[in-house]
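These notes open a run of structures that come right after.
Next, two complexes with subunit A in common: one pairs it with subunit B, the other with subunit C.
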Partner chain A sequence: MAKLVTDVVCPFCGTLCDDLEVSVTDDGKKILDVYNACAIGAEKFLHSQASDRITRPRMQDEDGNWKDVSYDEAVEYTAKILADAKKPLMYGWSSTNCESQAVGTQIGEVTGAIMDNTATVCHGTTLIAVQDVGIPSCTLGEVVNRADRIVFWGCNPAHAHPRHMSRYSIYPRGFFTGKGQKSRKLVVIDPRCTDTSKLADYHLQIEQGRDYELFDAFRVAFKGEKLPDTVAGIPKKTIYEVAETMKSGRFGIIFFGMGVTQSLSKNHNIDAAISVTRDLNDYSKWSIMPMRGHYNVTGSGEVWGWLHGFPFALDLSRGFARYNPGDTTSNDLLRRDEVDAVFVLGSDPGAHFPFGSVKKIWGLPSVCIDPHITPTSAVCKLHVPVAFVGVETGGCAYRMDNVPIECRKVVEPPEGMLTDEEFLKKVLTRVKELKGA
Partner chain B sequence: MAEYLIRNGFVYDPVLGIDGDKKDIAVKDGKIVETTALSKPTEINAAGMTVMAAGVDVHAHVAGPKVCVGRNFRPEDKLFNSTPQAGIKRMEGGFSVPTTLRTGYNYARMGYGFVMEAAMPPLFARHVHEEIRDTPIIDEAALPVFGNNWFVLEYLKNKEIENTAAYIAWLLRVTKGFGIKNVNPGGTEAWGWGMNCETVNDVVPYFEITPAEIIRGLIEANEYLGLPHCMHVHGNSLGEPGNYTVTLDTLKQAEGYTAKNDFGRDTVLHHTHLQFHSYGGTSYSSKGFESKSKEVMDYVNKQDNITFDLGVVTLDETTTMTADGPFEHHLSHMNHLKWANVDVELETAAGVVPFIYNPKSYIAGAQWAVGIELGLYAKDMMKTYITTDHPNAGPFTRYPRVIKWLMSRAAREHMLEKELKYGDSIRNTCYIGEIDRELTLFEIAQMTRAGPAKVLGLSHMFGSLRPGCEGDVAIYPYNPEAIDPSRDPELIERAFSTAQYLIKGGEMVVKEGDIVSNGSKRTFWVDCTTSENPQVQRDISEKFKRYYSVTEANYEVSGHHYVPNPYVIEVDASQ
Partner chain C sequence: MATVTLTPKKVPSLRLEADNITPDVFAGKSAAEIAGLHVFTGNTQELLGDYFTVAGSAGATAAETSIVIDGDASRVKYIGMKMSAGDILVKGNADMYVGAWMLGGKITVKGSIDAFAGTGMTGGEIIVDGDAGNYLGAAYRGDWRGMQGGLIRVGGNAGSDIGTFMRGGEIIIGGNTDVHVGTHQEGGRIVVKGDCKSKVGGQMVEGEIIVFGDIEVMMPGFQYRNDVDLEVDGSEATFALYEGDVGERHPKRKGDVVFGKLYLKY
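Entry: the complex of A and B
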């Protein structure tokens, strides 16, 4: 027999779908099937069931031999390397709940850590641009109910956020958008042909890295001013036409991704994109939204925001909060040998950081807290497996539009396994003792 | 729990009619008690100091999504003002949008014990509660916004008060909210299309209802339920020259209604930050602008069912934030600073824009004058509350400065003569120069504790030192026998900025000016029972299925981690 858990939240991408259904065995121990999720979402649930899953902390010696240790020993090692370090880096925080992020931040306060999240290699540039020019935005339900113009810029939701288009952007029928897709015009700006661009009314195949110019050209076109014959590889006629399409909508939105945040010009691209959106609000109603990747990277920025006022690159090492991207960002610190211990939770820098940074982690006292074996766990001295947030424990997560949703626990974690929050609380208690705080 | 005996202070308690008499105040088991009830109290020598119940803030934006937007998009707000961890006190940062930690500590330093978060977007209720949870010491509650909510617009269009009320009761329960906030009624929904409602008679696009109908309908629903607080409105056309007529129209909607509740509240409409709504003229220049505080107060003083708060401009660099989305957009076009906006499906919107109230500009000085004038023209100080609409007109940490301006004509003259560049134009276009009145400490106690506690329906707990009230006592280094407000106005500001002691819930949290405890803060919310209403239940399910981006089951705020220490006020509206 099986029972069905409904309204399950998918702890994978920033789309944070909350309509999944998961069938589990009657004893609540095993997941049988996952409904409504996309393939990558379902995989996340099923992965937790892997029979070869690591269930106890392990340490590796210099020759790379692993040996199991107890959670108590893991707490001790973690607390000690953080307490002993002059400037520990506590990185990740994007695939865990807000409660863990809040406890982790207290550890950071006591040990004088640098706290950084995956925005540092993703939408950190967006956060900087928002500090420069602000951001007019909305919740995803507004898009469902009102939007008749959708722009995807430098992102490919068909692959990275698979259910975004059906739940929120292209297809859904909302209150003022009863015809669904037919009531919307879709513009895709991407140098590549993608599964998203195939759906577009306009696909502007911009020359790689020339986003800033095209954003600016739109601002010129809105005002009806003169453009050169082509900008960023797009003929001016098309630019005028798309500009007109955007202006003539009743409610529009620009979704953008890593294609613009991490290409040449970085935060300046986003600055320009937000300015385009501001301009459009003189003609109709427009919003802009970053397609945040990890399911709760947004939440970590909020938690740090309310506790310390900065959404990433948070430096607590001087005893109070500082923020200076480029100086207090993970890769810059690692490359400059400025940190002397590394703590990773809820992310995989081993896979996503430049090789040079990963090598630095390998050379330092280090701990990786992650349910999976990952490239990061492979280079850290200690690997602490924990329960899957959103599968084996609940907690709050923030969707890409900052809407907080409570994740659901659908099955029990393996016997004796700690959650992120439980592990962090033990570490907090211990670092307080070690620091005499 | 510890016992405290606060000896020989000058006590101000408008509820008990105590006006500066030397009295002893006793606290035991978290409550105020008779002095005879103590056995082995810790004595606090309050001789030469002022003793009041802890302050109660009726309206501030201190927790939730728009506050956090303000923090995160203004790193400059934290420049050179962060402070390290010390003792039990955690790190602090921020000026106009302080971190939650600093928010709690700063209220405690000013002797405040309760703060109402003035605008909670229901879909973001979890966020509001997480921030409230992480704000130490002070008790807090939050008002969900209703004035642009689709359920409310639809029910009220059909004059369905009972359904509106049932929906409100449901929403308060699922969001753990406290009462009814009504921001730019109808205008914020219009903002979904980039439009606005500028008068109480402008029709909301598609929903075909007017702000006047929304205001009246929400008053009726509020009294139908008998909620502790009254309908709390931020009227249309905030900040617009000439808007005082809209304000009068807004206030007039309360005519004919009387309060029905079991909480001792006798008013039905609270108008917030009235300063922003009391403007005459046609522009912001000294030639086009005038104060209409007197005209507005002439009306307010004649009503007995209205309260308001001031929203005094403090002439700081600050961060404006409001559910009045179209206003923030408008503002960003005036000052060309960064603009953030969030439209929230089916419910509301919010905007955030930094703002510099420059004392060298005419208009900032005139706005300052309007706010102070409202306080000085008011007749019933139990219905007039000190706020800065934190952080919109200025940070809450300036309340002591506002108190100084209200208590000292000399302090106001100093502003007009020395601090403001356009003092003369301000005298000409505003009333401030003509007013001699200086408020008393008794009146300040009415405006900052007894009055707000009453309108929030919390006078049985806060705002007084009557035995049985919460053990919330503030002791200020202010000797009313030695200080002359006309000669030493600065001493007023200093005293109210730095409580010597704050006892909160019977526990000492500020001792000799230092934070010594993180307290045991509570989140207040209202659990209102109504009779079964299958239609509203159906409407809710329908809207979630079709128009919300989250499921109905995932909407409710539940779980210890959001509201770890609740104080639930139960209201039975099922009869």
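Entry: the complex of A and C
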């Protein structure tokens, strides 16, 4: 017989779906099936059941041979490299719960570390723009119930946030949006044809790297001023037409992704997008929301925000919090040889950082805390597998609209495995001893 | 004018945070006292004397103090940060934050400098013979006050985000720039002798940008007005005047809307 666990929260993307159902064996030790989840979310649950899963920490020697070590040895190595370093980098934090992030931050305070999360190569530019010009935003519930104009700019939820469109943005029927998709106009701005753009009423196939110009052109169009014949490869007639469509809605929302945050202009793109949103509020009600990737990258920004005032690229090396992306961001630090130890938890810089940065990690004392074998675990000296947050342990996570949701524990982790939080607490105790704090 | 000479004797293992290298801190101190000032490598406090041989002594005040860094400082951050008077000469390169938030005095760098030089500066001069990095004379994150006064002159090229949120003063670039010149500019003047890539004057409210070379892609919010003859930094030429960014908010003065001015040389 199997029992069904309901209202499970999916620990994959920033959509943080909270309606999953998981059937587990009666002893609560094995997952049998996952219902309501997208293919990626279901795989995350099922992957925890893999028979070849690593369940004990292991260390790599210079020739690349792995040797199993105990959790105590792993704690000792991790604490020692952090305590010995003049400027350790503690990166990741996006695929874990807020409780672990808080303990990690305490370690950062004791060791004088740089704390950075995956926003540094993702929506960090959004956060810079928010600091520059503010943000008019809303929750996803408001989008379901009110939005009749949806803009996807530089993102492809059909593949990256698979249930976003059915739960929040395009299809659902809400309180004021009873006709579902029929009551909504969809604008997609993307240089590529994607599965999202196929659904669009307007697909503006913009020239790559010209988003800033197009945002500016919309602001000119809202004011009824004249435009050049084409902007970013889009004819001015289309720009005026889409501008009218945006102005004529009752409630609009711009969702944007890494197509604008990490292409040419970066934070200025978002700055301009927020300005577009602000301008549209002269005619209608508009909001803007980043399509956050990892399920709890928003949470790490929240935790550091309330503890130290900055959402990423936090420099605690001098004993007080400093922040300046470009100086205190992971890739700049690695590129400029500014760190002497690397600690990674809940992220995979090995797969997502430029190769030059990954090589620098390889050359430094390094530890990777991750349930999976990843390109990062392959370049780090120590790999510590831990229990899956949201599957084998609960904890708080923040959805892309800054709504905190408590994740649920569905099954027991393999015998003797530690959670992120348990491992970090041991490291914190040892680091305090080494530092005499 | 008393001169303090710092000769580099050790390359920092990571990067050195030396916000004490300013005439204001050095003023009234002997060579031994200056060598005993602190610097930081990450979380570790060290001494200026560990990295530099200090010769000479400082004047009684910042204005009477001259600092010479006789060598390469390309791994030394914060040179001349918040200085109010006196002068600094760097004979090699310097790292980030040269003259950030400086109030007065003069910094001369014979080599090149990295990013964030002249962040939020309100007065004084920064003269760079080589190239400058990104965010020259820009605002700190979230601040709406970039460079507000003084002069920055760069002989070579500059990076991106020059004069973001600039409100006063003048930046003169001898060579080319990367993207984003004078974004959110609300005053002051930026002169580029070479070419600019794109996004010049985006979201600009007021102030002047003068470009002698080409702009690869113009912002759609700039509109051509008329031709004007100008004398800029000692040379006379005819420029096309564009005004913008019309998408951005603009104040009214004496009944007329005030725009940012972009002059492009024919």
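FYI, the second predicted complex is superposed on the first by the 437 of 437 C-alpha atoms of A that agree within 3 Å, B and C clash if a C-alpha of one lies under 4 Å from a C-alpha of the other, contacts with A are read in each partner's own complex, and residues count from 1 in each chain.
Criterion: a residue touches a chain if its C-beta (ideal position, glycine included) is under 8 Å from a C-beta of that chain, and two chains touch if they have at least 3 such contacts.
All values derive from a computational prediction rather than experimental measurement.
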Give one of first, second, both or neither to describe whether A:Met246 is in contact with subunit B, with subunit C, with both, or with none. neither
Would you check which partner chain A:Tyr323 touches, where first means subunit B only, second means subunit C only, and both and neither mean what they say? both
Which superposed partner A:His308 touches (first subunit B, second subunit C, both, neither): first
Please work out whether A:Asp132 is in contact with subunit B alone, subunit C alone, both, or neither, and reply first, second, both or neither. both
Using the superposition described at the top, determine whether subunit B or subunit C touches more residues of subunit A. B
Kindly classify A:Val403 by the partners it touches after superposition: subunit B alone (first), subunit C alone (second), both, or neither? first
Taking the superposition on A as described, I'd like to know which of subunit B and subunit C A:Arg219 touches: first, second, both or neither. second
Check the residue A:Ile170 against both partner chains and state whether it touches subunit B (first), subunit C (second), both, or neither. neither
Of the two partner chains, subunit B (first) and subunit C (second), which one does A:Val297 touch, if any: first, second, both, or neither? neither
By the touch definition above, which subunit A residues appear in both interfaces, subunit B in one complex and subunit C in the other? 131-132, 318-319, 323
Can you list the subunit B residues touching subunit A in their complex? 63, 65, 67-68, 71-75, 77-78, 82-85, 90-94, 97, 99-101, 123-124, 126-127, 130-131, 134, 150, 191-194, 206, 329, 332, 337-346, 349, 352-353, 546-551, 553-554, 557-559, 561-562
Which part of subunit C faces subunit A closely enough to touch in the complex? 13-15, 17, 40-44, 96, 115-116, 134-135, 140-142, 144, 165, 179-180, 183-184, 198-199, 202-203, 217-221, 223, 245-248
Which stretch or stretches of subunit A touch subunit B in the complex? 6-7, 9, 18-19, 98-99, 102, 106, 109-110, 127, 130-142, 144-146, 167-168, 174-176, 250-251, 278, 281, 284-285, 287, 301-303, 305-311, 316, 318-323, 394-396, 398, 401-406, 437
Would you tell me which residues of subunit A are touching subunit C in their complex? 85-87, 111-112, 128, 131-132, 210, 212-213, 216-220, 222-223, 225-228, 231, 264-265, 268, 271-272, 275, 279, 317-319, 323-327, 336-340
